[in-house]
Amino acid sequence: MIRIRKGCKELSKQPSKFKMVDISPKDIVKREATAIGKLKLRNETAKKLREGKIEKGDPISISEVAATLATKNTSQLIPMCHNIPISKVETATRFGDDYVEVEVRVKAIAKTGVEMEALTAASIYLLNVWDMVKKLEKDRNGQYPDTWIEYIKVKEKLKATK
Amino acid sequence: MIRIRKGCKELSKQPSKFKMVDISPKDIVKREATAIGKLKLRNETAKKLREGKIEKGDPISISEVAATLATKNTSQLIPMCHNIPISKVETATRFGDDYVEVEVRVKAIAKTGVEMEALTAASIYLLNVWDMVKKLEKDRNGQYPDTWIEYIKVKEKLKATK
Amino acid sequence: MIRIRKGCKELSKQPSKFKMVDISPKDIVKREATAIGKLKLRNETAKKLREGKIEKGDPISISEVAATLATKNTSQLIPMCHNIPISKVETATRFGDDYVEVEVRVKAIAKTGVEMEALTAASIYLLNVWDMVKKLEKDRNGQYPDTWIEYIKVKEKLKATK
Amino acid sequence: MIRIRKGCKELSKQPSKFKMVDISPKDIVKREATAIGKLKLRNETAKKLREGKIEKGDPISISEVAATLATKNTSQLIPMCHNIPISKVETATRFGDDYVEVEVRVKAIAKTGVEMEALTAASIYLLNVWDMVKKLEKDRNGQYPDTWIEYIKVKEKLKATK
Amino acid sequence: MIRIRKGCKELSKQPSKFKMVDISPKDIVKREATAIGKLKLRNETAKKLREGKIEKGDPISISEVAATLATKNTSQLIPMCHNIPISKVETATRFGDDYVEVEVRVKAIAKTGVEMEALTAASIYLLNVWDMVKKLEKDRNGQYPDTWIEYIKVKEKLKATK
Amino acid sequence: MIRIRKGCKELSKQPSKFKMVDISPKDIVKREATAIGKLKLRNETAKKLREGKIEKGDPISISEVAATLATKNTSQLIPMCHNIPISKVETATRFGDDYVEVEVRVKAIAKTGVEMEALTAASIYLLNVWDMVKKLEKDRNGQYPDTWIEYIKVKEKLKATK
């Protein structure tokens, strides 16, 4: 079906460099994944966060909204992920002396697991907290010596049997 | 599973601030929603619109295309909405003496209703008409004394029994 | 430069159907636009909203976040709008007996005005409030007899002289 | 349900200008489509491409990633396309004396065919190759006399019987 | 600044695989690029297109809108492209006996050329025409023996001297 | 300018819950930010990664592409971030015995710093590596006992004096 032009020879052929998993044969079942993540902060910042006193606005609200959007957009952020319908996203936040920790649970009825969605949501959540407390974490040179995301992990992944 | 660091105690825990509806247990059935919306215009603008004489191009075509795209993108515009496959979008436009009105019908076979998709589509439709007639609606100070979106409503929402 | 194929004649030529404004010659100056919008609600819903008692979460927070995102994405929602850098988005919310009203101010230093950004933000804001109070506004048939967006308008548009 | 204002008469009514196909009644079956596309290049560029010596990075990798993302985003690029879940995207690349050719196969279990997804992916693939070899294809005036996309076609479209 | 863990040695280091051009030192000047593209169609389809008789709606309108959106979204479709503000997009359409041809001109005042934006817009334009005439181009087996995009090229690229 | 309806009184007024920084008065200067991040892996996986033997494709290429796209999309992922033009993104990857580490440098000439862009890019980079090695990191129960993102930090932030 390809038009042949004179003087052309096909010199080589190369398959896909990336192997996207073919999910056609998989079952549509309940899937659930929970990811956790932790953002290290200064004690004063963590205190203000716990007490709802961040001047730029409530980081927890904005982070939760951004995380929910990211869950539904994961297949554009992680190219080899499939676009799947999400049933539910929920978060829990834990406040420590010098950190904030999030737990994100994602549910779907789909042909593939949702751990990448949960991990992406947890990452976006913590990045948004960071963005909201930037002013409090910067030193006089505009650097962040006391701030880092220190732990993002899959806590649990579940798959229903059909 | 969370790494314990010395001197840290967990001070408080907070559940999701937003309750995204868990649609896992809902039935996949035919859903339909119709939204209407009205944009108030100057008489001369409404006349030109009816007669297809808007210099910047046909507002109805561009609004319909933008509304169709918005329907499929609603779950990124309205964070607590679920991403669902849309079966069909259709619009009807009514021209009045000093307004234009749109009716958008959205269909899906999904676990949740599509009224937010229809309302979003109607809003984006009218905003696009506005954008196309801006020049005709501005007064000499660049203000819009005669232009407003005056009514966006769900006309009807339907759900098939399984 | 176009390859000529035998037996082809060019039959007609058509210019752009839509005239996107060419902003090349415009000045880069401070621009500001304020849009307002109103969502009619049931008295009980408006009361719960005022008192921060919406079960699904705080509609004001989520609407403000969604409106801010929409401001920056307007050129994908309204095809003839230009993509411009936004300096600032801010909102004010007014609570009435049976409505909620938003005012969105958008600032940019750009070659074109930002009223479409402000109008889009106000629309997305109100749609998100609606989404958060859906349960309270639906009647027993799943319809919304008491809910509508009743007024979206440009309150003021400003342009600095160079 | 529409509020009547005095002195208003409805002057005309217009149905959708665009007929999005209603896919509600269609069967959910396996769909597959393969698109091919060819980018004409200079001999030296094609040689460097074959040998993996493009200074800006490997065009094949980036093109494949971009094509995969485009497949999942087709319903935003082509307004009348439906948003459907994609099961699998895979590509094959053929290197010629003065061209590169791609074959993209897209699979889905859906109510509608995926040929537009495959064609969009093939186009985005070739545009990305072009972007990566720009420097080698430009003449001294910054023009591209030797570069063009010369063939994008559906090679095969398949639909399983239920 | 990197936390050292015992037993870890750094084994190797790898620079960017892709060299995004650093446009920091480039001048902000007027840029313009014109791309052309051609879609081969059946004679009857091309005739209907010329005469504005495509049942699914006017392909030219929808293609122009989609092309305009794609121009502003090129930096997400072509990863190594920079996100730049677009001043103007315009198209011209030529109808032939068995083809349709588009010419897209993109203008920007930017640090980098806009030929990829123009090429992307032309591609998306033609893909949308194809989508709108699918029904007329398919044979009885659902294949497209007579349809292909046969030519996408940069017609001219211009850059103002500062 | 707001239409007054009888029986309505304005009950309260609320300013923005979130304070987006107004960047209007800031200088447009060179900005640069470097973020680092580390993904803990199993020894065998890290070895395969170093040796380019990941069956699903080269994680480094796909991660770099995804990170570059995310940099340009940060203002949609982090709602309070401004949309700014990016001049350059570059990465460096370091392979350890049981981890992979990335360093992302982002440059812009803008009114605001780019550390959130660099942090977002580093996060998306590592999430993509994880996605590509999922199969090797899962235990027999589909869990990830040995995998976590353990460190995401701003290494350096620079701002030119005007």
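Note that the chains are named A, B, C, D, E and F in the order they appear, and that numbering of residues resets to 1 at the start of each chain.
Keep in mind that, in the parts below, a residue touches a chain if its C-beta (ideal position, glycine included) is under 8 Å from a C-beta of that chain, and two chains touch if they have at least 3 such contacts.
Bear in mind that the values here come from a model prediction, so they are computed numbers and not experimental data.
Any chain bridging subunit A and subunit D, meaning touching each of them, is among B, F; the list is complete.
Fewest steps needed to get from subunit A to subunit F, stepping only to touching chains, is 1.
Look at the contact of subunit A with subunit B and you find different residues on each copy: under half of the numbers used there are shared. Contact tally for B-C versus E-F: the pair with more C-beta pairs in contact is B-C. Chain centres here are Cα averages; for subunit C and subunit F they lie 27 Å apart.
If you average the Cα atoms of subunit D and of subunit E, the two centres end up 10 Å apart.
Among all residues of subunit F, those that touch two or more other chains are 16-19, 21, 58, 61-62, 65-66, 69, 79-80, 83, 85, 151, 153.
Interchain contacts (touch definition given at top) occur between A-B, A-C, A-D, A-F, B-C, B-D, B-E, C-E, C-F, D-E, D-F, E-F. Considering their complex, residues 1-3, 7-24, 75-76, 79-80, 82-85, 111 of subunit A touch subunit D.
Here subunit D touches subunit A in the complex through residues 30, 36, 38, 50, 60-61, 64-65, 68-69, 72-73, 83, 85-99, 101, 107, 109, 151, 153, 155, going by the rule given at the top. Residues of subunit B that touch subunit E in their complex: 58, 61-62, 65-66, 69.
On subunit B, the positions that touch subunit C within their shared complex are 16-19, 21, 37, 55-58, 61-62, 65-66, 69-70, 77-81, 113, 115-116, 119-120, 123-124, 127-128, 130-132, 134, 142-144, 147-154, 156-157, 159.
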